[in-house]
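Dropping the structures in below, format is structure tokens.
Okay, so subunit A shows up in both of these, paired with subunit B first and subunit C after.
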Partner chain A sequence: MTDQFLFGVEVVLNGLMAGVLYALVALGFVLIFKASGIFNYAQGVMALFAALTLVGIMEGQVPFAHLINAIFGTEIHHFGWHVPALAAILLTMVLMVFFAWAVNHFVMRHLVNQEPIILFMATIGLAYFLEGVGDLMWGSEIKKLDVGLPQGASFWIEENTAFLGSENFFGFFIDQLDIVATLVAAVLVVALVAFAQYTKQGRAMRAVADDHQAALSVGISLNFIWVLVWSLAGFVALVAGIMWGAKSGVQFSLSLIALKALPVLMLGGFTSIPGAIVGGLIIGVGEKLFEFTIGPMIGGATENWFAYVLALLFLVFRPQGLFGEKIIERV
Partner chain B sequence: MKDMADGYITEDGRKIGGVMMEMKNITLRFGGVVAIKDISFDIREGEIRAIIGPNGAGKSSMLNVISGFYHPQEGEVWFHGSKRPSMKPYQVAQQGIARTFQNIALFEGMTVLDNVMTGRLTHMKTNMLQQALWWGKAQAEETAQREKVEKIIDFLEIQHIRKTPVGRLPYGLKKRVELARALAAEPKLLLLDEPMAGMNVEEKEDMSRFILDVNDEFGTTIALIEHDMGVVMDLSDRVVVMDYGKKIGDGTPDEVRNNQDVIDAYLGVAHD
Partner chain C sequence: MFYREAGDFKTSYVDDSQTFPIAFDRYRYYFVLVIAFGIIPFIINDYWANAVMVPFLIYAIAAIGLNILTGYCGQVSLGTGGFMAVGGYACYKLMTAFPDVSIMIHLLLAGFITAGVGVLFGLPSLRIKGFYLAVATLAAQFFLVWLFNKVPWFYNYSASGQISAPERFVFGVPVTGPNVEAWAKYTVCLIFVTGCAWLARNLTRGTIGRSWMAIRDMDIAAEIIGVNPLKAKLTAFAVSSFFIGIAGALLFAVYLGAVEVGEAYGINKSFLVLFMIIIGGLGSIFGAFAGAAFMVLLPVLLKNVLVGGLGWDTALATHFEFVIVGALIIIFLIAEPHGLAQLWKLAKEKLRLWPFPH
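Let's turn to the complex of A and B:
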């Protein structure tokens, strides 16, 4: 095999793993959109907020320290303890459930039956609110997130694939964190699908996504389901936040991963879980391959825009997304 | 004989009990439109109660009041001898009142089996944490519920479409699946909004037979809205007649048929 081909394979592998993360973020959107028709602009900020909270809890940071110090003239910043990663993750999950409840209780349930654009606006407001709260609670400096995931290239893979090419090929370069992220995302997706397919609440969730009236008539509380899907979206955001945060630190730009999910949704459709996954993979592989093959000819940095162009082209030819059904207007 | 407080025996030998549900002076307005005007009537344990009337008379609105989808501005709803507070539809469902809709409300993307399974939701007891931590127990419950659902599917003769997504079914079968889902809840009171609308003669006969069997075999109390007078006269024990939001008749099919107001407002129009 030629080295050039092997480099191509490596690019595809890395693209797949980036794609898994895109898919994860897109999945958060799909969950909420399917159940309530709300396009949750705040999904990215939720990932940021979850990651900030996780770091804050692990480091024993005092929440709202600046505020407290400003009001009471104190100088407290840390509790002086450290919380193990797993416990901190569980605590953060509890907080995300509380957040889900609060969003529904104070905002969304008052907007039932409003136009989708109004609901969308509400989530924009929510995004900035949450960003502000995150800032106030945990401060705005860049934080390092270390939950003990392995980092750096996997030497095992490098050593065991080096023989494939010539002496100029040193084996596939694959980041261990990417491998872990892929596994975690895969487990999460399987768990979510199993939950939706085989549990009572999962069936209720699918029912609400399908028809609100019918769901009510069989005894399903819409408020409960909305809190449930926002919680699940919160968990997904937390996982995405951990993976992204472990890679490039927890900072404001984390909330921009939401923008990466948009082309994925355009490709996969807003209501399809398999669509989000396949769409994420296509975008991940597509942008890496494009950068690898065409990028050098046109000056590189194609990853910023390639996903959008691909999604736009796709929209023109298949507006319903990969797995959506063709909509035929009844006349 | 219909006035006996604790019930009576019908001509075909079915036992009708005391009052299960009582609507007292219900008034429901939508802006300027008065959909229901000061209506009172009751539904007895074990009976088939029909609500009839011309288009726009307020029949569906009445059913929606009973099932908690609409909330009347005036009046009281009494269920099993106590006044019911204002309730959300899902709470009414949890009290054992199941319903179908005039314009069919099914989960189109789900299979027939899954649709009917949603009818069991109010009977499933394990909570979310148990489901997550104790997968086995949740699965055992699922299996037990599944058996009941299969019985209902057999009963309504829809075995052959169990795995078909509902969206692909023809209208008549959809109506039957919707009935199956309502029955799966093992309701005390079953509300049917025009269960035979849009059906051909044969389908209507099937549906009539199912309704009678449900009432007979499970002892389910049924309130139904129907336009086909022949069907109403055959099926129901007592009939409420509505017109322009008002009650203009209430009694046995025979009594109602001979009521002059009813003839003027409804039967006369329908039969000439």
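Let's turn to the complex of A and C:
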């Protein structure tokens, strides 16, 4: 095997890993879209907010420290304690559930029966709001997130694959964190599917997704289901936030990953959980391969737009995505 | 008391179908024009021009453009920043390639070039609808910004990768470059805004505007009653991009003078203009102005109050701005989905009966 080919394989592997992370964000979108027909633009910011909160709690930061200092002229920043990772994750989850309740109570409940596009714009507003609150609460500097996940290249894989190529090839370079992320994503998907299929709440969730009015008429509480779904999305956002935050630090660009998840969704179809995973993998591999093969010829940094253009071209031929339900239009 | 149609008899079809059927409205409109053209240029100073008036006018053009596409034709676009970049770079290339031609013509041509690019990216809209289209327009946003960043021909191989506007004159008065005065900037933008608003208003109440609205309200039904979706959607993309291109060209040539594409025409611009038309009111020319004024004034106001008045640092004020803008958008969507324009309309309805509401 030539080295060039092996490098290509390495690119594909890394693309798959990146794709898993995209899929993690896309999963949150699908959950909310299926259950309430809301296209939640704020998903990426939720991931950022969850990661910020997690770091903040672990470091023992005082929430709204800057604001309090500016108003009262005090100089407080830290409580002076450190919270262990697991407890901090639980606390963050509680906050995300509260957030889900607040979104439902103050925003979505008042927008029932509005057009989907209005709901979409409301979530854009929500994204701005949450971003501002996150920065106000915890400050906007780049933070390091360390919850004890293994990081750095996996030497085991590197050493055991080096024999494949010539002496110029040093084995596949794969980040351990990516492997963990893949495992977590797999567990998450299995858990979500199992939850939706085999529990009472999951059944109610699917019923709501199918038909709001029919679900109401058999006594399912829409409010409860929506809070549940937003909490689940918050949980997925937290997981995605931990993975991305551990990979590249907790910073504003995290919310841009949400935008990357959009072409993933379009490719996979808005209503399909497997679609989100497959779409994520296709986008991840596609953009890495494109950057590797064509990128150097046209100036590089093609990752910025490749996913969108791929999704655009794909949609022209199949408007509902790979696994989406067929769009039927009636007058 | 003065705002009545009573006694205002229309004797011809032209009178009957005019833009401002109520006399008071008409006079108010002339009054605004007189103030804008006859008084403000003589009293405007640098701060007001740069912080408030010029950005307001430029974003008003962009908001009118996006409103035609999103508000009138129902095609949500998140590619406004990318199309503004096309306008800006087209203007720059024209200015440097044909230095003898008037800048006003360049600005118009930049609009036409953007219209062409807009049609190209509008083509998928015939197959893709709703959210899918919104995401597809993101492709335009990211691809165009990348293109202007990576292909050196667009920025004339300058070392910094920036483009900066050379000095150009209209009737001997500099309107671009370092020596331009506040009133000249303001007047150029005002001329374009007036022209664009007039054009948009008249397009939207004619045949073409009606076909846009038919597509927006239900595209299949519109197709059945004989509206050609290809023509309607692509003209909407073309006209909308034309306006947005002019706005982008003005932003570069007249307002900023030198731009770096990722910063001046990034995805944030797309959202900014989208917020303008949501807050202002979808499907309304007045709404575009109201929204632009609101979104330009809000940061200035917040900055003056929080930084100037309370002495907070600017980063904190910026975060606060995010919170307020986000909350306002949600509040507007809940309380008044049709935006400031609807409030304005309601106020006028009330005014017609005032002071004897029974």
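Methods note: the second predicted complex is superposed on the first by the 324 of 331 C-alpha atoms of A that agree within 3 Å, B and C clash if a C-alpha of one lies under 4 Å from a C-alpha of the other, contacts with A are read in each partner's own complex, and residues count from 1 in each chain.
Everything below uses one rule, namely that a residue touches a chain if its C-beta (ideal position, glycine included) is under 8 Å from a C-beta of that chain, and two chains touch if they have at least 3 such contacts.
These numbers come from a predicted model, not from an experiment.
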{"item": "Subunit A as common anchor, with subunit B and subunit C clashing or fitting", "value": "fit"}
{"item": "First (subunit B), second (subunit C), both or neither touched by A:Thr199", "value": "first"}
{"item": "Subunit B versus subunit C as contact partner of A:His110, first or second or both or neither", "value": "second"}
{"item": "Spatial angle subunit C-subunit A-subunit B, Cα centroids [nearest 10 degrees]", "value": "90"}
{"item": "Subunit B versus subunit C as contact partner of A:Tyr128, first or second or both or neither", "value": "second"}
{"item": "First, second, both or neither for A:Ile298, with subunit B first and subunit C second", "value": "second"}
{"item": "Smallest separation of CA atoms, subunit C relative to subunit B, angstrom", "value": "21"}
{"item": "Footprint of subunit B on subunit A - complex, ascending", "value": "198-201, 203-204, 206-207, 210-211, 213-222"}
{"item": "Touch list for subunit C against partner subunit A, complex", "value": "76, 124, 127-132, 134-136, 138-139, 141-143, 145-146, 149-151, 218, 220-221, 224, 267, 271, 274-275, 278, 310-313, 315-316, 319-330, 333-334, 337"}
{"item": "Parts of subunit A lying in touch with subunit C, wherever the complex brings them together", "value": "39, 66-67, 70, 107, 110-111, 114, 116-118, 120-122, 124-133, 135-136, 140, 259, 262-263, 265-266, 270, 298-302, 304-305, 308-309, 311-312, 315-316, 319, 329-331"}
{"item": "Contacting residues of subunit B [partner subunit A, same complex]", "value": "67, 69, 88-91, 93-94, 98-99, 101, 105-110, 114, 117-119, 121-122, 124, 126, 128, 131, 138-139, 142, 181-182, 185"}
